[in-house]
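In this document, chain identifiers A, B and C correspond to the written order of the chains, with residue numbering beginning at 1 in each.
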Amino acid sequence: MKPSHTLFAMSLMLSSVAFAGSELDSLLGVLKANGTIDEAQYQRLIAEQASSKSELAEASLPRSTADASSGLKIVSANKQFSAQLGGRVEVHGAVYNDDGINMGDGTTLRRARIYVKGKLYDDWQYKFEYDFAASDLKGVKDAYLSYRLKEGTELIAGNYRVPYSLEALASSHANTFMERSLGFAFKPGWHLGAGANLSGANWTWNTGVFGDTADQNTAGEDGEWIVGSRLTWLPYQANSSLVHLGIAGLYGDRGDHSDMTYKSGPESKVTKINLVDTKKITGVDSYSQTGLEAALTLNRFNLQAEYMAATLRRGEGDLNFDGWYIQSSYFLTADSRSYKKGRYAPVKPRSILGRNGIGAWELAVRLSEVDLSDADIFGGQQQDLTLGLNVYATPQIRFSAEYIEVLATSNPKTAEPELFQLRAEWVL
Amino acid sequence: MKPSHTLFAMSLMLSSVAFAGSELDSLLGVLKANGTIDEAQYQRLIAEQASSKSELAEASLPRSTADASSGLKIVSANKQFSAQLGGRVEVHGAVYNDDGINMGDGTTLRRARIYVKGKLYDDWQYKFEYDFAASDLKGVKDAYLSYRLKEGTELIAGNYRVPYSLEALASSHANTFMERSLGFAFKPGWHLGAGANLSGANWTWNTGVFGDTADQNTAGEDGEWIVGSRLTWLPYQANSSLVHLGIAGLYGDRGDHSDMTYKSGPESKVTKINLVDTKKITGVDSYSQTGLEAALTLNRFNLQAEYMAATLRRGEGDLNFDGWYIQSSYFLTADSRSYKKGRYAPVKPRSILGRNGIGAWELAVRLSEVDLSDADIFGGQQQDLTLGLNVYATPQIRFSAEYIEVLATSNPKTAEPELFQLRAEWVL
Amino acid sequence: MKPSHTLFAMSLMLSSVAFAGSELDSLLGVLKANGTIDEAQYQRLIAEQASSKSELAEASLPRSTADASSGLKIVSANKQFSAQLGGRVEVHGAVYNDDGINMGDGTTLRRARIYVKGKLYDDWQYKFEYDFAASDLKGVKDAYLSYRLKEGTELIAGNYRVPYSLEALASSHANTFMERSLGFAFKPGWHLGAGANLSGANWTWNTGVFGDTADQNTAGEDGEWIVGSRLTWLPYQANSSLVHLGIAGLYGDRGDHSDMTYKSGPESKVTKINLVDTKKITGVDSYSQTGLEAALTLNRFNLQAEYMAATLRRGEGDLNFDGWYIQSSYFLTADSRSYKKGRYAPVKPRSILGRNGIGAWELAVRLSEVDLSDADIFGGQQQDLTLGLNVYATPQIRFSAEYIEVLATSNPKTAEPELFQLRAEWVL
């Protein structure tokens, strides 16, 4: 047996370990043809390898993978199927420097969401999410099925967020502040509906038609019918920097339910008090809302602003309300915000607190305002200034501290309270 | 070294990859015995292989498997243990041609069930399921533990469905129509109980004793005590064809709770209106129900019928109510219904919509009737005709469209409404 | 090629199967250096191995493991991450020999808990648990995040049990009896808070500050502020035997919510009746509780006792209540209780019912008392004697039967009822 033969055999053997298939048979065939082994030896060796080959075959097959870094996740070997159990829990604590009104210091379980989501045959995706926290958020959140017609064209049906507002659509784990701004009074939130989500390399366009929310179970007709659409554009994107522009509009027909309410707390939800509140506005036939979005991320630096306006049509004359915020943040560590398809995504710190670093640290400031008074409706005006510190300990865990000063409020029962609040938040 | 020795060594080596155990030691022993290696070399090589052998051993062990095609599922390597997180979500939309009564067009999240089920030591099985939809279905569904005494003999305890009615026991994912028939007024539903489930190759016999439902948490005695039994028989079964016959009976003692109600909507649950409704019947001491089932599946063709009757015993004299349905369906594609242990199971389409085909398409028609009037109780009569189309996109995803015409109703407030409804349903 | 060269090459090859990395390249390098193969052969062989090597690499990498024996569990290959979906379901049935009061025989779904817990980067742990049973237990249970500063020093925040009482802190799957003792009236239960958990080889010391419970969502200030601390010590521990001593204290400031209630049922929760009940005690400024614990496990034999006392401070004068129990159990099979970090843990039977044995069988007896009367508050006294039998079928499944005799109660509406109750419990 020449050295080169030996090496050839070795090379085939090594292959056979990986492919565990025909290579060993080929080798034995070659050796028999060369006269190195006789027919009897050949038959015996073929038989001897049979059982070990089948075990090898199984061991070297691609397998489904299981991941524990974000809840439980399983991905099929061919990547066409996946399923994940995940969630998000938030605990808030707040102390209020009450100014004429007892706002209620304390603690609260703000969010406790568990979801199951998955992919079927590559093109179908589903998600079901429920919030278990004993708050006004309790109930069904995402509960949708989507189908990818082709890359960048997705059909969706079920309970999902009406496409409106940059901060309303981003996860609370991705937004910079503990609570969304005062203008979140205009949030449409989740509704049962169907629509199309289109996207390209640097734009998204989502449109849908919606009825009740999933947790409404009223006897009459659906409370309202909404058509909503949102268009976003990234005129600039490079590495960790981007410029985001967005515009959204929605039209709501109030159907049987002509009463509407807009209200907002002091960007803190340990208290249940809403400093601005239109109370029940009766006789609303329809309403429309518009939204303008702009954001800039330059590595560690962020600037983000939105303007939201609502017009309510009723017999006694239209009502106009609006709100806006402008916010900025800066990472003390070499981190930056993430962005995906028209929304900011959760920050992924470059280092892990307590292992290879201190996580990501971010300072933030926000000025926001809302005006819910018009004609005979005295919902009130409010303006807040917020200073915040975020510590992203790991990609899953985040701590926040905020000082909020209510700069101005027309609420007659209170002057301008201050508040300090803390949050621990983790995704699973 | 002779070629045959080399080959023998190679054959052992290959085995060692698979078995990663004693074969390499054997090889080295042989080589040492042959004088090919000396004692020192032998000891060194044995030591060198140790760590790589242990890694090989681990890599070639049979492993638990993880599956993502139906929620998350894990099966232990020895198949004795399994655990699965799954569920089912349904979104319905309906438009009613109201005839004298506002039934309420709109959308609803009809079901949102998440379950965990599993197998322990081969013979024990458990399931816990909760419905998160804000409907009358919200709450604990299956919550049972079962033990297989031997093949075909299973003991079960916990919250599970009283064995009654072919369509009541089948999953909504397996039933042909969006809603069960008018006779579903007689559904006993889930109760806390214990029983025995017996089965053979072509028969099942389930019997149980039941108390409260899991979601009842009343201060007094359990609302009722129920004994229920159901026997099914497959006189014919071959490939995709079968004949099913079934008979069921249940007896309920009303105990402390002598009030009863039977009611039924128009086979549509977006509206909350029940066109037939006995309202509260007082003074019921006990009641009994009987059910007859017959079904025929001939490849693509199905025919299914049930008759349900109830007798309520009270001081003022007995009351008798009944209902029935007959339905037929035909697959336009080369598909057929599935059946397992006395129940129809979800359809598994032969092709996947958008990948290798159009899924499974099924046309269906149903006529159903219920009579809830007797003696002094005027619950009303109703008769419905339903035309349906089902598109099974994948084994997990199904879309339905139905036109229902209420042929007759004794409800004084309405004549005969028509309705059109759509459903998207997916299991996870 | 000398035999020793061949063997050296073989040894490298075998290593390459396991490490699938640089060893094959090393071998080829050696063979080229020896002149066994020429440059062209070397290049070709290097190229040929490339694809099989990468497949080998993947196949031989340590993988995450998936486990189905306790819900679904995934552990990452490096053991730094894990995630588990688990839970616990309990069905109770009870018959009461009512003595002057209708307690309500029947069945109930006592607990139906589902949790997700996990480990992130080794040092972070989280858990979220919800009870779905329609009982007073329904709602958020554990919802915490903890961080291990170093071995034996853990920081924790979120909703978790105030550290108080051996039986209150143990899982119902680990406690000997179906319900905790009469003194469980003093349970602080779960609250939103933060604290430190310290532990050594034979001691634990847990301290925390707490506000509302997670399910309280009141508008005013948190109902109370609690500081609690518990110290446990194992003066003796060997194999299946141990001596446990514990002491705990807590101080509660009632803040806005000055009303308090202590109450207790007859150690049975199918009935909703509390035989002792202080009803609403008004004007409580603050309260404190102390607890003493002692337990002995000697292989099959167990002895456990606790004393709990509460002092309520109010304008009209202090109130003092207390309670205690002493219990003993003995395993008929060669089993014993488990213990971990200051708490008893679920029993792991040595044999599996129906496979290799009969599981673990345990006889138990308990005497317990509570006194909720003092000054102007007539909550009542009660003393119960319980005889119990536990059958641990598998580590996950347990059945219990109990006979309880109320030896004495000052409740004017009843003399001393007897009761018999059964439980089926399984963890998933």
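One rule holds in what follows: a residue touches a chain if its C-beta (ideal position, glycine included) is under 8 Å from a C-beta of that chain, and two chains touch if they have at least 3 such contacts.
None of the values given here were measured: they were computed from a predicted structure.
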Steps needed, at minimum, to go from subunit B to subunit C via contacts: 1
Between subunit A and its twin subunit B, rotation from the CA superposition, multiple of 5 degrees: 120
Numbering shared by both copies at the subunit C-subunit A contact, with half separating same from different: different
Euclidean distance of C-alpha centroids - subunit A vs subunit C, Å: 32
Multi-chain contact residues (two or more partners), subunit B: 6, 13, 17, 59, 63, 65-66, 72-74, 85
Residue ranges of subunit C touching subunit A (in the complex, touch as defined): 1, 6, 9, 13, 16-17, 24, 31, 36-37, 41, 45, 48-49, 51-53, 55-56, 58-59, 63-66, 72-76, 81-85, 116, 118-121, 123-124, 126, 128, 130, 139-140, 143, 145, 147, 157-159, 192-193, 211-212, 214-222, 256
Residues on subunit C engaged by subunit B in the complex (per definition of touch): 3-4, 6-7, 10-11, 13-15, 17-19, 59-60, 62-63, 65-69, 71-74, 85, 87, 89, 91, 93, 102, 104-109, 112, 114, 132-135, 271-273, 352, 354-355, 393-394, 396-397, 424, 426, 428
